[in-house]
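The two complexes that follow have subunit A in common; it is paired with subunit B in the first and with subunit C in the second.
What follows is the complex of A and B.
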């Protein structure tokens, strides 16, 4: 074989390999999960910047030119169903609350947390409007709905414990959110634990009265959530994961900008929960902090405490190493690339601000 | 807890109430007893109180129109029942080819048929919202028009009751059911059509009468449920069933005073969802029954014909062992069944019982693999505007051996089946089976193919 033929052959092989690698690097579809659905099972949700990214189609726009489809799945059975899907390789990326994520990881799921999607989550306890129940202590012996296996269960156990009770002191009825709201309306349950704006919506509907709000309750640490990626997907597609995180950091920046608050809540209202309920849920909270994508020491500590509590309440048997699990490289890259390193206040493990946001609130 | 229809009605009511609340002005919103939340809520609510009386009238008119429409549709266009009712059904349309020649008549090799058409009605006679100790009913009819006729017959007719509180997954279960129902025997006979990979049952099911319904009382329960809430996965370590039935089959009255007994025990390896031994179970079933032994009673005169009479009761025993390992995406089932049937031999008389026991044996092994998400409950419960269109593929192989008389040599009937199921909607599948039937007694080996479309609702 003469030289030019050898060069040509080498080039052809290299080109073929590069083409093959490029094809291997790009999945045809990104399977994105979300725990829960909108009212009536509609495929829109609220309460996070990921929900806004979904409503605005930001990920679809990002991958459109690459021919990569973003396939959203909204799981009625929330976190446990997401773990099942992960275990059977049916999901690549998902938002997930702390307890379900921890249970999945403890059970052997190969996942990574690559982005903070929420921290200091607020839990409410709702009772029928004419119920004599006035406090957490009054729940003793009552039929109380909570969604086992989700962040609600961990939050409920923390709240009960802070009030000298445990799950054994109440009659737990395991229900998903929509079923629990219907049962509350028909008074088939005496109370329900719920997170987010649904409690305010129940109040608006005249079917519920809030007897407990976790806002500012220092005895009970709020629940956390994160963006989880399948370990194999992340290993095979690091550049895709980076682009997903880039888009979501941009969505977080837009969502936490006070000037966009009305538009954000309108996008969340596509879920069927009212604008007003979302607005009142956020009222009195540090919205920039709860919509921060930053993985700081407080975020890590929140997950460590969640792991300790989930184990203490005996929801898992094996331990989870949070430092091995959380991978902040992607979000750090995104923040740096978009010049947003100082956009959100960073908190220390004790919850105190260690680097205040450079953004001036209007 | 609530039925879908009730949830829908409530959802409509919520929507209406929500509109009313907005229309009436945010000042009327109930305050929270939580002071920190309440102050913030009031401040936000005050911003949203700019509602005019025209707005209120508009909403009221919409509500009245909506109520009228719902009431009229319910009265004129909605099927109603006295109690909560769920209507279900399964239809199987089948086509087949065989290289076997019919013994008599036209030697056809192909056929099309509606193999089964089943419709069922289930619901609660009493719903216990306190502890879910519900009183339930089930009524199913089936038409299996093989052989030209299309008789519609009663398949199941039961009333059931949950004896234990069964609100939570970690509650132990104990349910009793009285009426005409499926025997809790083994795997093959009990598996519903939705989960059966193969079109036809294993040979022993029909030969030993295990597919036929029986009339009686059966209790089914479990002990030590292990729940992995991380996946909403429930696996009781012990499952059991005990029952007493007529033993004379379905849609008929009893033909003797002896009642047949059945007991089944299943042990499942305790595991979390993510364990490799998930859904590995070993079961055993024992059925003790009696059958009437007949003999010919000579006529009163030498020329009168002899008449058959019952001269006693013979044993009818069924013993089964099964192994079940269904670890999505793959699965393995094995079942071994021994039948013992006592019958009078020719020549038996009223004074001489002369019975013999015929022993039979069936074995079946099925292996399958699932591509797709058809069997993942959590994945099927999706929120979406359109209908879900899952596409799953399930190839399988099965080896089915039936020995009609253990004492005889080389008389087994073997059926080797390979096939694939294509699930093209949540409750519908297209099935292709190729069977090789080996009759060791005759020394024949014949092939046949079947295609079946099955849909459920």
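What follows is the complex of A and C.
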């Protein structure tokens, strides 16, 4: 081999290496999604430790020195719009509720669930204060708002089913959460299904009366949500994903600490829903359990049940393998590294505590 | 004296098929009609197989086809088509009856035309769906909203074209009727209405096409049945193949409805073509 050829080959290898390194380089921006917006479309939300991380700018701080921007998009049209954004490669990471996530996965989206962001989710049914409706059975034939294609639809179908009804027995009006609240105020609808604190806010505003709350309803399983990562993004940037999960686990630990409860609710109130509405939404719930980032057997089981129910209600036509989809490596790493393995109670598939949290409840 | 004697007395300028001569034989026409659909299908196929669009956003024709067969087998497609057709036919019947009545009145009476004409042509300028926000506030989101909106689309189009059709009956025809000393009812039945039929049918066909298209949009909002609902649900459920099946169904049914009306128009105006051939 002559020297020129050798030099040329060396150069080519070097160039390829440089190119390879460039490919492995960090992204310039992390595109982070969230289903729903704050009141009036403001870019803040409540109800999860991810919402707290957003309000406190924790991810922004983590990636500042690397020159990586965190670009938040709050999707008014929630899960269905997030699936479209994933399909069009416009999103890297997002929080997502069970039904939409399952629909996306069944539709062939390459995603991974890397972190639990909520389980045992509570659903409410709200009617105008002077409405004669007293129970789920009374909803028969009434105009009821629910947000199709989101976790609300699955929750609503489960609640209706537990009461011997189905979607066909009510007149469904498909509306997003904020639109449904406005329609309730103008009495264009007779009732709405909603998740989270909005129901309590409606009560405070005098436009709603809660006739059903999922708290303590043992017949109906609560909804789940998780942190979904785009499969290609995860493959190209595993360290970035690990750092995102690290930051969020830290946020979860801070959020679950009872001493920070007030500050947590204040940060959620940036969304426009009041501090007191969030407080009463959490009242009577195992707050540490619903703010746990841990992927345990109960979390997996909740998703498996969701897949089975979404299929039974005919919201998807293809099956989804939950075990292939949920990847707990990142969160397990983070818990280990931060010494938080015993910070949250782990639950078995039956929902009973397997390993009780080392943190004493006050 | 026969109708044809009257008709042949004038040169009819608006034969329904002015360029009917020189049409190719049927097989050639059918083949020619398939060129563009095949090209579109090929484009669609390429777009999804070569990844011009994500497969979740633009499923391949084969995927849409199997969804179509699924919907057909489960009876879901029938339910949705039936719901949409019933909605549009009720509204169409109401809208076209009212439109014919008002159109005739405005066509025959200058005074009524002076009274309603300006408002009417103004209303005609507003796209059907422009009424949607106002109607939602007034009647709420329900089936009545669909009926009113579609009936309105048909009504305006039929009324205006009926009025125009009657106004545009050639003066010569009216003179002939007068020369034969036909009564007002006789000349209306034997001269004016037959001459106005093509224009009236234009109104009816345009109204139905407009109504069918609007129906689908209203169904995006209202109810849990119908092709429009199927489209919106397909998007909510991230099953874009359902959206595509619904789009094709809307297109084909709209085309069949229009072809049906064209046939009906043909039977109403058969005497004209008969004349042209003679």
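By our rule, the second predicted complex is superposed on the first by the 340 of 362 C-alpha atoms of A that agree within 3 Å, B and C clash if a C-alpha of one lies under 4 Å from a C-alpha of the other, contacts with A are read in each partner's own complex, and residues count from 1 in each chain.
In this text, contacts are C-beta pairs under 8 Å (C-beta built on N, C-alpha and C of every residue); 3 or more make two chains touch, one makes a residue touch a chain.
Being a predicted model, the structure only gives us computed values, none of them experimental.
With subunit A as the common reference, subunit B cannot sit beside subunit C without a clash. Of the two partner chains, both subunit B and subunit C are touched by A:174.
In the superposition on chain A, contact is made by A:276 with subunit B only, not with subunit C. Contacts of A:315 after superposition: both subunit B and subunit C are touched.
In the superposition on chain A, contact is made by A:103 with both subunit B and subunit C.
Number of subunit A residues touched is higher for B, counting subunit B against subunit C. In the overlay built on the shared chain, the residue A:235 is in contact with neither subunit B nor subunit C. Contact with subunit B, but none with subunit C, is seen for A:185 once the two complexes are overlaid on the shared chain.
In the superposition on chain A, contact of A:87 is made with both subunit B and subunit C. Of the two partner chains placed around the shared chain by superposition, neither subunit B nor subunit C is touched by A:219. In the superposition on chain A, A:74 makes contact with subunit B only, not with subunit C. Taking the listed stretches 98-106, 206-214, 260-268 or 440-448 of subunit B in turn, the superposition on chain A shows a clash with subunit C for 260-268 alone. Overlap of the subunit B and subunit C interfaces on subunit A: residues 80, 83-84, 87-88, 100, 103-104, 106-109, 143, 148-149, 171-174, 188, 315-316. By the touch criterion given at the top, residues 80, 83-84, 87-89, 100, 103-104, 106-109, 143, 148-149, 167-168, 171-174, 188, 315-317 of subunit A touch subunit C in their complex. Taken together, the subunit C residues at the contact with subunit A in this complex read 54-57, 70, 140-142, 221, 223-224, 232-233, 235-240. Of all the residues in subunit A, the ones that touch subunit B in their complex are 36-43, 73-77, 79-85, 87-88, 90, 100, 103-104, 106-109, 124, 129, 134, 143, 148-149, 153, 171-175, 178-179, 181-183, 185-186, 188, 200-201, 203-207, 209-213, 215-216, 274, 276, 279-280, 283-284, 315-316. Contacts from subunit B toward subunit A in the complex involve residues 1-2, 6-7, 10-11, 13-14, 17-18, 20-22, 26, 29-30, 32-34, 36-37, 39-41, 43-45, 48, 129-130, 167-169, 228-233, 272-274, 328-329, 373, 376-379, 381-385.
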